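Both complexes below contain chain A, partnered by chain B and then by chain C.
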Partner chain A sequence: MASSANNDRPNHRTARAFCLTSAFWFAAAASFGMIGAGYLIAPDFMANIGWLHFGKARPMHVNLMLFGFVTPGLLAAAFYYVPKLLRTALYSEKLGVFTAILWNITLPIGVVGLAQGRSQGREYAEWPWSVDMLIVVLFALVIFNLVMTVRRRLEPIIYVSIWYVCAAVILTGTTYCIGNVIWKPSTGALLGIPDAILLWFYGHNVFGLLLTPLGLGVAYYVLPLATRSPLYSHTLSLIGFWSLIVVYTHIGTHHLLQVPVPTWLKTIAIVDSVAMVIPVMVFLINIWYTVQGKLGTIHADIGAKFVFTGTIYYFFVNIQGSMMALPQVQRVTHFNNWVVGHAHIGVLGFAGVVAIGGIYYVLPKITGRPLYSRFLADLQYWLLLIGVTGFAVVLTIVGLIQGNAWLNGETVYRVLPEIHLYYILRASLGVFIISGAYIGLYNIFRTLYFNPGAATACE
Partner chain B sequence: MYYPYFITYMLAGFVISVGVFIWALNNGQFKEQQRARFLPLEGELETQPVRGSRMGRLETYALFSLACCGLLASAAVLAFALWRAP
Partner chain C sequence: MRMTPTAIFIGALAILAAVVFVMVFWPYAQRDMTPSEIFRPRTLVEAEGRAIYIANGCVYCHSQSIRTFDWGHGAERIAQAGDYVSDEPILLGSQRTGVDLSQEGGEHPDDWHIAHFINPRYTRPNSIMPPFRWLGLEKINTLTRYIQALGLKQADQRMGRQTYWKKEAIQAYEAGPVYNVKWLAEHVPAGWRHIPNPYPTTAAGLMRGRRVYADFCIGCHGPIGDGMGDAQPWIYPPPLNFTILKDRQISGGILYYQIMNGITGTAMPYFKRELESQKIWEVGNYVAVYFINQSDANTAPHGIDSAWEP
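Showing the complex of A and B:
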């Protein structure tokens, strides 16, 4: 099964398969998100379609975004750059392709399970137990392939991107098992407060220990390469990596500050949330110094443009995150649409945009041809930029209206008419995002297949 | 019954991290940091970078403006929340 380092030129079939997987599920996930947005405007929207009501469309949207679009998109770039940085071939392209196929079997099973109402009812952990087990297997396969590639490396130094991608899959493989309580197949949950604590350790770590390190790994690879600049400091990047591992793992309980969980756990969560400023600023200072004076070059390269934009969203989402962990701020921002806006900036604005950038950056290298359409990629960029930024603005406003009203003792139903307009705006902005998703799918598909562009030397 | 699960969770991450850190230390992963900076560029330097354009610069300014607006909005919310705090 293993391919030798001396084999013929790599064909990058694994990276190709993950690119296509990500593009397809982005379109699907955005479609479910659009359905959810429709329900928020008109609660009887599609009311007769039982398998697609809001309570089912929403987890389909969220889980497909996390595990269908963003994770495979970031892994697609990783499956390209890990062998390249280690000067060896991927341990097994066959295993990689098998993983991608199994990935695309797992997700429809999950969607059908949710449509049948077999949700485990825990936010970000709704997949049925059978799908949980398949996802654990998928992570095990990815870990095996990447770790074996690292073991066979010809380059002794492990570049920071590889640290990030390996940490992401290993830690998530572990936390997925624990956070989804896979030893209790019938419920996938504990009872009461302990379940909430465990769930939010997992829920926040899906972003913190999966999407964040995968995204940073792509940024650390793409931006120096696109600008032909050496990394400002590799030592600094390792400090950022280890501080993220230390700090990010324990902050999930900041979702539960209003809940009777142990105070020491809340304190850890708040302190570590604020301390997240350290790894975040270490990364941003490092990567922005690396590309200093070369913003024109970045914006001339569509992949780098997406990735750099993702780093700006990363800055915002983390500044927000540190702020939102403060109990005084949470009194206004928690349990309302502010948090939804925050999640969209993080998952789509940072990780999703970086994933698309990584795909667009590696596609010409793995196909040996230019992108099918630079224009479509640019169009997708602006659609997503307007969509995500608009989402952030609208949902932040809605969140402040809700938070302030509840702080003043208003009841929920009296606030709803006030925010209806914003839900319409939100759905309108969703049209930008869903359009971008389908345009991206077409562009990526045409780049991989039926691409009329002139062939160049394939790496 | 509160503690075993999330202490196991925290310990699992901690033990894995410490183990890997010790391996990295012994494996020389914190040496040759100057060479490590250039690793992505190896085998790539012969290619000329893509040239910037006027449109690209305009996009840069637009993004920078967006970033400033977002930062100001975040600061305003923080100030508002602290002002409203009882």
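Showing the complex of A and C:
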């Protein structure tokens, strides 16, 4: 249905703009990550650059990955498939392009704010208040555009991908306001322990209510279509969707198991963290059964290949996450690099890889021409695969060394020489990831502009 | 079930509202903001220092959250909700790339912190903290005020101890090296003073001692033990020059005790958390052999020889 509907040639300018936004900020965010990794190896290597030392490069890296790379990347595909699945056009391409432009104005303001030290000091909620407000506006614009598109639909049945996109933007628009305490512009925080509870409710839901549903939306769109297979089960789609919203929202407090917060809150967080296997396995069973026996088809389509790989990381990150919520496990894993590894599997391995897959899947349909280079896309695939898997292995090893040494009474300082080598390995693997990011940026840019067309493309 | 826009939007928001009520609003409504027994409000300059701490992302590497099973820095005080009642935002942190700072106040005197901020490797050779010289001395001083208040009333108590002994240590230092060395030795309990290093000097032991020295001591006492390490310009009283200690009755016991316990008031920290017995004896003997040029290792009185001795 994708290619045949191109008669009236919608220009998809919004989706194009979001593809480019995502690719650009992936490269930028990876650069900041690389700088951070460098500091951990040689803390004097960029000594006395006050606006870019580790404590500033890290929130730039994290926030740009979340709000610059993954979110726009997943939205890029959504801006293409939502109208497509509803047999209509996007409500307003103008508004969509404006949203993308505002997005690219907001992020540099945020980065400059962090560089100036205007961080609010709360993880994932660092952006200063002015940037928070801009992000709320951005979400409002996206919600408005999508809701109006849904209202104008010609297709009566709303496909599961659209449930996820709608829920993601509306829920995150809400939790972003609450989590950033936007009614208190001076600090953007509550007082004392309730601040920690709110922060981790919000922080975990950046992943749970934004990246995950957007990512699952892309997977539900790309994989059945690429394999030309009907979705395995509507019932499982329903169970997966509703249980995700119910369960994911409960688990933020598992970041605070070793902190004086009410025990009942910790209990709920642990129980629901384990219960995360329900929405996760329901989704995976549904999508993996859908593509059963079609791995060859997936392999042939670079977009689907990325997305399918992302679902495997989704499996790992969630099994790992459920395990880490167990207090006995967390005694070892908390406060060290194990968690950093976990975060990279989730945000890059799952959500990021799915976002890139979504972009590569819709780009040829948007431009009406194949990707600029299938070879570069494959190269990027392997660079990211090696990079993020290597991250998972190396950071898990470091985490185990740190966590067990600390439990055994070693001081943080004593363990530093032992983990130095792993920081070097981690930065080396970062070179794979950053190369993948820049190659992706080039490939996506050339697909959209100066694309010589089918003649020179590999496919 | 038929998924209409209404079902999606209202359903999702209703679930979210219910969960926010239970998981966020309810604990907020039930919050206990009673200050703990160590709580006191921060002074203006301490609050200003905290803002510098937040602006520079110190929270990404330093937790402020002591757990029931911690051993390291500040582990004597397990965190309670009442310790955080003036924190907005709360800075629990999620990583220990560096140490927990809940009870950092008064662990070191101010001059140690200044040297450490100028470049952390001046006082801690293996540290991977970026240097903060670029902040400028004024901001470093303000930040130090916040760091020295971490632990609140308990920090004040420790700071009182630092201030008292700093005065004493400066007086002793300014009275000249003869008096200073005597003063330092006299504050070691008598039992320790008369214990020689019970283990014989071995080449392997000296090599291990050298490594401990390079990891822990070299920043202040310098590569040749003359007290002219990188930290020296920032520290007063300055780091001890080991090369003047010959024939001044510096026993292995005195060295051991000073390394284990530190000299409060000076930048010399205690190493009892970081170095086990063997490491302390061996670094002490390394200093005695190479820098003092006089070691009492394996001299009388010593008890039954240890089974490992060559």
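We adopt the following convention: the second predicted complex is superposed on the first by the 445 of 459 C-alpha atoms of A that agree within 3 Å, B and C clash if a C-alpha of one lies under 4 Å from a C-alpha of the other, contacts with A are read in each partner's own complex, and residues count from 1 in each chain.
Operating definition for what follows: a contact is a pair of C-beta atoms (placed from the backbone, for glycine too) under 8 Å apart; a residue touches a chain by one contact, two chains touch by 3 or more.
Treat the numbers as computed from the prediction; the structure is a model and nothing was measured.
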{"item": "Three-chain arrangement built on chain A, chain B and chain C clash or fit", "value": "clash"}
{"item": "Which of chain B and chain C A:I170 touches, first, second, both or neither", "value": "both"}
{"item": "Touching partner for A:G215 - first (chain B), second (chain C), both, neither", "value": "neither"}
{"item": "First (chain B), second (chain C), both or neither touched by A:G50", "value": "second"}
{"item": "Touching partner for A:A300 - first (chain B), second (chain C), both, neither", "value": "first"}
{"item": "First, second, both or neither for A:Q328, with chain B first and chain C second", "value": "first"}
{"item": "Which of chain B and chain C A:G352 touches, first, second, both or neither", "value": "neither"}
{"item": "Contacts of A:F201 with chain B and chain C, given as first, second, both or neither", "value": "both"}
{"item": "First (chain B), second (chain C), both or neither touched by A:I312", "value": "first"}
{"item": "Which of chain B and chain C A:G430 touches, first, second, both or neither", "value": "neither"}
{"item": "Overlap of the chain B and chain C footprints on chain A, listed as residue numbers", "value": "158, 160, 167, 170-171, 174-175, 178, 190, 193-194, 197-198, 201, 238, 242, 245-246, 249-250, 262, 265, 331, 407"}
{"item": "Partner chain C, residues of chain A touching it in the complex", "value": "39-41, 43-44, 47-50, 53-56, 58-59, 117-123, 147, 150-151, 158, 160, 163, 166-167, 170-171, 174-175, 178, 187-199, 201, 209, 238, 242, 245-246, 249-250, 252-253, 255-256, 258-262, 265, 268, 331, 335-336, 339-340, 402, 406-407, 409-414, 416-417, 423"}
{"item": "In the complex with chain A, residue positions of chain C that touch it", "value": "1, 3-5, 8-9, 11-13, 15-16, 19-20, 22-24, 27-28, 30-31, 33, 52, 54-61, 63, 65, 67-73, 79-81, 84-100, 119-121, 124, 126-135, 215, 273-274"}
{"item": "Contact footprint of chain A on chain B as seen in their complex", "value": "1-2, 5-6, 8-10, 12-14, 16-17, 20-21, 24, 28-42, 44-45, 47, 49-53, 55-57, 59-60, 63, 66-67, 70-71, 73-74, 77-78, 80-82, 84-85"}
{"item": "For the chain A and chain B complex, residues of the former touching the latter", "value": "81, 85, 87, 155-161, 167, 170-171, 174-175, 178-179, 190, 193-194, 197-198, 201, 220-221, 224-228, 230-235, 238, 242, 245-246, 249-250, 262, 265, 294-301, 305, 309, 312, 315-316, 319-320, 323, 326, 328-329, 331-333, 389, 392-393, 396, 400, 404, 407"}
